[in-house]
């Protein structure tokens, strides 16, 4: 578990909700994806536009969400994200969504640290997570 | 594992893809959600518009996806879904996305069988999955 | 043209962009929709969750966007919205997206001021825009 | 008005609808975008994956929708698209959504015929619409 934590608050938008009046579950994974970008921006100081050129890409290989309670239109939610583990060429991010301090969604992403092959940009190769990046999270 | 299987083929739309040129991962969960609706329509014969009045609602409590390979803009994909287990008042649906017969995404949803409370529609109560529904899947 | 203006800044998210690396145009209409909710919250002081009970609903009848220049992943954009005209039971909102002060998207929404029919919630009826609402915008 | 028409039918998905139980308006523009891709595939015989390499890109410069009646979850809709006009280096596509033969949404897109600059792929240049493409639409 790294110690660097990224938090943001958003108000649930109308278009994020389905006919139940609560957040359509796939949308949580957009919240997670954006939080991962913001977490890495905050930790490394590298703007998201420069991330690929500086470090590479972070393709998702595994993602999950445990939905404890529905999140309603107009609620203010807090999305808290942190890297729980850096492995050799991948890492796991934990994302927790709370409403009024109560856990509503408990999710996670596993991503690979990778670069696109110069000769064939459709192919990617895993790379060790740089030590200087890991250092920024502790 | 029930024996009833629902399959559909779609061509990946431009707007489903992110700047990598491949499906934005949150979108897979929309594919899953729609497949669950279609699976239950196919198995029970109840139109999705009548499902809530006939049976109730099926809130997601857990969802995950293991992304084995990227799925690209314009590829024809097959999404195959089946209920792997009915429990007392919940069930698990397996969703597998293949491209040219190769597994690209292996996902799952756990949903509760529930009804909205008459006095307070914001509250829901779990209900046993009806035997006639389970029978339609075997 | 009313004088009340609502502005917000957002950074373009990865999942808002398509394979061109720029915002997928349908997404602009989600930005507009959310800005309209925020504009009415700011002007009337009524939380979006209470808006329907307090006033009614605001169905879109016409929407358009003139896309002057692409908006890229990671750019900070400003979305500025104002009601340009209140008619008897409808109104028009102008939405302008700028990047570094340059106009990128020039859009608009026409919405009806309406309530759901008590006997048949699928039907809606137009209502005059309340004078106290109009007053809050000037 | 060209004579080539592309039509498809879809059933409105749960995740396409907002808390009103009807299609969230921005989603209509995703339907339009996909129909334009399918219209050009059908008319030219070029797969959407090869379109950019064969012809170039088709950035949207103007888009609009007139929403005549709400489109509900689970309804079968038909989306009919045709090019109404080819200009020198742009064209206009009309998109009409009907439900049970009744017009629900009447929309349009204006797009430029363009290529990315070889030296600076962020810049694009308009090109005359090729005569062989125009011929395929009549």
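Quick notes
Per-chain numbering from 1; labels A, B, C and D assigned in written order.
Simple rule for what comes next: a contact is a pair of C-beta atoms (placed from the backbone, for glycine too) under 8 Å apart; a residue touches a chain by one contact, two chains touch by 3 or more.
The structure displayed is predicted, hence computed values, not measured ones.
The pairing of chain A with chain B is characterised as same-residue: of all residue numbers used at this interface, over half are used by both copies.
Comparing the centres of all chains, each the average of its CA atoms, the largest separation from chain B belongs to C.
Rounded to a whole number, the gap between the C-alpha centres of chain B and chain D is 28 angstrom.
Per-chain CA centroids place chain A at a distance of 23 Å from chain B. A separation of 33 Å divides the Cα centre of chain A from that of chain D.
For chain B, residues that reach two or more other chains under the stated contact definition are 14-15, 20, 24, 26, 30, 33, 73.
By the touch criterion given at the top, residues 11, 13-15, 30, 33-34, 37, 47-49, 72-75 of chain A touch chain C in their complex. Across the complex, chain C is touched by residues 20, 24-30, 33, 57, 59-68, 70 of chain D.
On chain C, the positions that touch chain B within their shared complex are 14-15, 17-21, 24, 26, 73.
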